[in-house]
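First the structure, which I've put down as structure tokens, then a few questions once you've had a look.
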Amino acid sequence: MRIGVLTGGGDCPGLNAVIRAVVRKGISVYGYEFVGFRDGWRGPLECDTMPLDIQAVRGILPRGGTILGTSRTNPLKLEDGVERIKQNFEKLGVDALIAIGGEDTLGVAKKLHDQGVKVVGVPKTIDNDLNATDYTFGFDTAVNIAMEAIDRLHTTAESHHRALICEVMGRHAGWIALHAGMAAGANVILIPEKPFDIDKVCEYVESRFKTRYAPIIVVAEGAHPKEGQLAVQSSELDAFGHVRLGGIGEALAKEIEKRTGKEARTTVLGHIQRGGTPTAFDRVLATRFGLGAIDAVHDGDWGKMVALRGTDIVRVSLEEATAELKLVPIHRYEEAEVFFG
Amino acid sequence: MRIGVLTGGGDCPGLNAVIRAVVRKGISVYGYEFVGFRDGWRGPLECDTMPLDIQAVRGILPRGGTILGTSRTNPLKLEDGVERIKQNFEKLGVDALIAIGGEDTLGVAKKLHDQGVKVVGVPKTIDNDLNATDYTFGFDTAVNIAMEAIDRLHTTAESHHRALICEVMGRHAGWIALHAGMAAGANVILIPEKPFDIDKVCEYVESRFKTRYAPIIVVAEGAHPKEGQLAVQSSELDAFGHVRLGGIGEALAKEIEKRTGKEARTTVLGHIQRGGTPTAFDRVLATRFGLGAIDAVHDGDWGKMVALRGTDIVRVSLEEATAELKLVPIHRYEEAEVFFG
Amino acid sequence: MRIGVLTGGGDCPGLNAVIRAVVRKGISVYGYEFVGFRDGWRGPLECDTMPLDIQAVRGILPRGGTILGTSRTNPLKLEDGVERIKQNFEKLGVDALIAIGGEDTLGVAKKLHDQGVKVVGVPKTIDNDLNATDYTFGFDTAVNIAMEAIDRLHTTAESHHRALICEVMGRHAGWIALHAGMAAGANVILIPEKPFDIDKVCEYVESRFKTRYAPIIVVAEGAHPKEGQLAVQSSELDAFGHVRLGGIGEALAKEIEKRTGKEARTTVLGHIQRGGTPTAFDRVLATRFGLGAIDAVHDGDWGKMVALRGTDIVRVSLEEATAELKLVPIHRYEEAEVFFG
Amino acid sequence: MRIGVLTGGGDCPGLNAVIRAVVRKGISVYGYEFVGFRDGWRGPLECDTMPLDIQAVRGILPRGGTILGTSRTNPLKLEDGVERIKQNFEKLGVDALIAIGGEDTLGVAKKLHDQGVKVVGVPKTIDNDLNATDYTFGFDTAVNIAMEAIDRLHTTAESHHRALICEVMGRHAGWIALHAGMAAGANVILIPEKPFDIDKVCEYVESRFKTRYAPIIVVAEGAHPKEGQLAVQSSELDAFGHVRLGGIGEALAKEIEKRTGKEARTTVLGHIQRGGTPTAFDRVLATRFGLGAIDAVHDGDWGKMVALRGTDIVRVSLEEATAELKLVPIHRYEEAEVFFG
């Protein structure tokens, strides 16, 4: 049997660990052959492949990124996208596909499966916002990187009596902000799920300054103030009506300075959150996902995605997997609120 | 209400995070008072206490160890141990106790509860071998420290064509060896649950050397060879009958050199696995355990221990908690075996 | 003898190590007493002090920031600043001062010394731009933090075929950009000392993309394009005439996207570069600086600053110390240029 | 011109950075060709070579170990060793050699140079014990790894009231122990240069325990007690006459327990000190050494070794380079002694 493998969407620490596990077990235990598709769905669309054998996956376990490359190419947006992929699989003698990616990638995988292609999915979202699994690999790494950055900010905050803001990833779900902020002892955590009250934020800031310690605010990139507090929206103006300064973090700093008279500084972690070597948690999870995916292939259990439930690797339908986003529930946010101010 | 807190047994990254969460929520939300007992059960036995207020727990979240100190003192081994503790609680006006520790500590907590003392337990075992919870804090930190050490060994192993052995913690359960070995791409992993065949180990070593790469062997301190291969046991002789060289790691190196003629070197990580700042996973878990414990106190749900099930913090009886050891199941070991050799 | 200690200017990993060494040796070897002044020159101006004994410096060696706090208060900007400090020293019975800081702080120290105050200086600049010493503590830590961030960006750059820009500290001197960029294998390094040619930068970017690898550009916050390429300057417009997006990094990304049609993303490390625990190099250097400073006090060698020359701690006059900025010499930049593109 | 490159002796973080710099500048600036010799002097002796071009050195900058492999093979121990190497150079069309290694490797390089072979040397000793250079790459990485391990031990030492011993590298010179111990705030540092007084060590241990903190002892593998305190020496018995337990660290623990009645535990860092990614200091130093070496080749300045003096890369004769070991001078040890106990 000849199996194609691709990685789609944003890169994530652990992708290489999945690829390695799939290939190692696929070859040594099941005797399969593999084809690597380059840059997500662009690979099967354009027949851009690379060899994927034991040698190709040697030493990639600790490496971030993906040796297959990735892209946001979406075949569903092409009239004949799905058709071309099916034809190319035939042409390349590819019997089945393991698609590693997030909502979009798995959505395409589901569509292919509906059309009779043999597909198994592996979930990937650094934001941890996929509902069908307890955790996705990459998330733990991102949280640790953000936590270490916030740990560093503490010493400066205390030495300078200056409010420090750390903007982390999370467009729709605030999991990284919640976990990193809770782990690093943030004084305020702002997430997309709960529009914030800027007055309340400034209260926390001022009460914190009274302790001779300075406040650390962790804000998810997708966080935003309450309706009433929103200034005119425009591509040139940020949430508070200032000239846009690269995101909610900068905007928040300006607003806090204006309202409290205290200095505020912002750090935007950006891409360093998704780069570098994965944590042990992510390497083990990604490896187990890879093993689970190739087992599903072996069982001919198509249209499924591997997922983590407790400490077990289970299989769920691609349907269920992509059904809805996993947002931070209010009770988890309230746990963190105990430590605000 | 006045609540005592103690930490018992070996120290573990995350203990301070539990203490902080208990005290922060206990004071700010429930309005409790706290007494810190020094050095595990020695504290209540000898009335050795320290103040435990907001100020005392400031800045301890990222710090390893425990500000309360710990010890292996076991009141059950004293004729009047339990009695003295009850008397001292009365003397100090302590209404309830939060005991943070492993099997022994929680065993004492259970006994006290049986005798009418109001107790809530928080599980702590760096080996992750407690059956009632998916994970315990400290484990993830230990696994990451071991993984980083093994990552480092890879480069030397490959440059020197020398077998490298890394001895990690795990007297009865091989969880740290399994996860660290799987995460760092070990060529062989040896755990207490599965007595190893030295001939098989040497086969892996030799097959690995054929690839121009050198083997990395991760061995839990409690791992041991099969019956038949055991030499005379004596305090002076190790498992292979060599003069004892400080553990199974050293013994294994000697035996591999003898049998394969290849150089072998051992690193014993020892206490560095349980020291230093906790990972984000452990800080979040420990914080949530602390919040869960003080909530149990507030609910008057005595004789319970907090535990992790999936992503939820639940409560189990101290009875259940200490019933049996959680060992590595064979199917988890077989996952790792795919990558041996 | 009673000695005052203060830390001025931006905080820097290693400040606490200096304070600890000064106090430990001062008390145990020379039998001195110490007074800690809070928040740089604000302390002596306002008699804001804190106790500084063995207990106060326990455990601070690995901690970033400064237990004394810091500020940019400059007594020379007050009419009677120097006078007030002299009076307060008399009032507090302070016989001599150890001033730990950068150009400004040491400038004040020099002025005080000119007026007969017994002062010894310890150099502190995270940018490593002080001419009288080979290195200053904090620099090595900042470079390692930046390097680790850039290491992380590599994996993403390669997986996404996207240009990644990392903006690091360095307003006037490019030492952090040079060392971090050289250490992390940057494809282009831009420093304030050498106005860059945007056409050349885009050439490097495009040639790099041809290798299937993506370019990493490290830019010091003070770097800027050549005269000819400068757009109208205004507080609202950045170096390229775009609406300001928070610095040269963002501006560069926009310009590269415009000129090459390739995606570009920016990470601004900001304050995480100056926070957290110091590296071994910085802890040893800071400790030796502290020992050297208290020895200078013991020798009554006033008006001097400690400095590193090779592996030796020497003394230079505060005059010489603050004479001129240490910029990156052209031959050092040319070393790095070998690896551009 | 065709240039051979080899790495000899123990591996060291930074070797790959040297190789990369040599090849990158050699090809892009000077237009040379390169041959990689495998496993130190074994390569030229047995004509075991590998291609060494731009592609071969891509991505190796952050990687520990050496892509060329290394060994302790010494041609001077073979009757016709030097002769064979000269013949093989002719056979392979190798015009000159860059030898990267320590005393032994550079000793052979010097002998070859005496016999008319065109050689340039690059110093490599993780122990930093080469007299002709201020620092060698790899040392800073080893010191940081050891420091981080000792940082971790602090938390356990304090929680358990247990003396912790950390054995680090350093057979003849105590630089790693001195710097790591000074950086991590060790209570005692023992180095080969100064035979220790076990009574004094135990005094420090006991005085430290009086502070409710526990002592951390850093000991170089080559450290040993004073003559008078030496028990019978034998391969089976350690320095104190106990059955050998794998080094001075274990022996010291046993002796301290015997004399003070306090628990003592040992961690032996071993090979993790020389593995893994280099620090920024080592990557920059190794890169500059590589650039300096290829420049020396271009200048035809044979028989020289590159060295660091202050912040400059200079050239010294191989003669001078290997003349004598750089030991820790007494005044540097006395700096550290201020913090003992």
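Just so it is clear, A, B, C and D label the chains in written order, and each chain counts residues from 1 on its own.
Quick note on the criterion: contacts are C-beta pairs under 8 Å (C-beta built on N, C-alpha and C of every residue); 3 or more make two chains touch, one makes a residue touch a chain.
These are the chains along with the protein names UniProt gives them: A, B, C, D = Pyrophosphate--fructose 6-phosphate 1-phosphotransferase.
Just so it is clear, the structure is predicted and the values come from calculations on it, not from any experiment.
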Return the chain whose centre of C-alpha atoms lies at maximal distance from the corresponding centre of chain C.
-> B
Per the C-alpha means, the centres of chain B and chain C lie apart by a whole-Å value of 41
Between the Cα centroids of chain A and chain B the separation in whole angstrom comes to 30
When the centre of a chain is set as the mean of its C-alpha atoms, what distance in Å lies between chain A and chain C?
-> 34
Two or more partner chains touched - positions in chain A | 151
A full list of chain pairs that touch reads A-B, A-C, B-D, C-D
In the complex of these two chains, what residues of chain B are touching chain D?
-> 10-11, 13, 15, 39, 63-66, 69-71, 145, 148-149, 151-156, 158-161, 164, 236, 243-246, 250, 265-272, 274-276
So in the complex, which bits of chain A are touching chain B?
-> 21, 24-25, 28-29, 58, 61-62, 134-135, 140, 143-144, 147, 151, 179-180, 182-185, 213, 277, 279-281, 283-284, 287-288, 291, 309-311, 335, 338-339
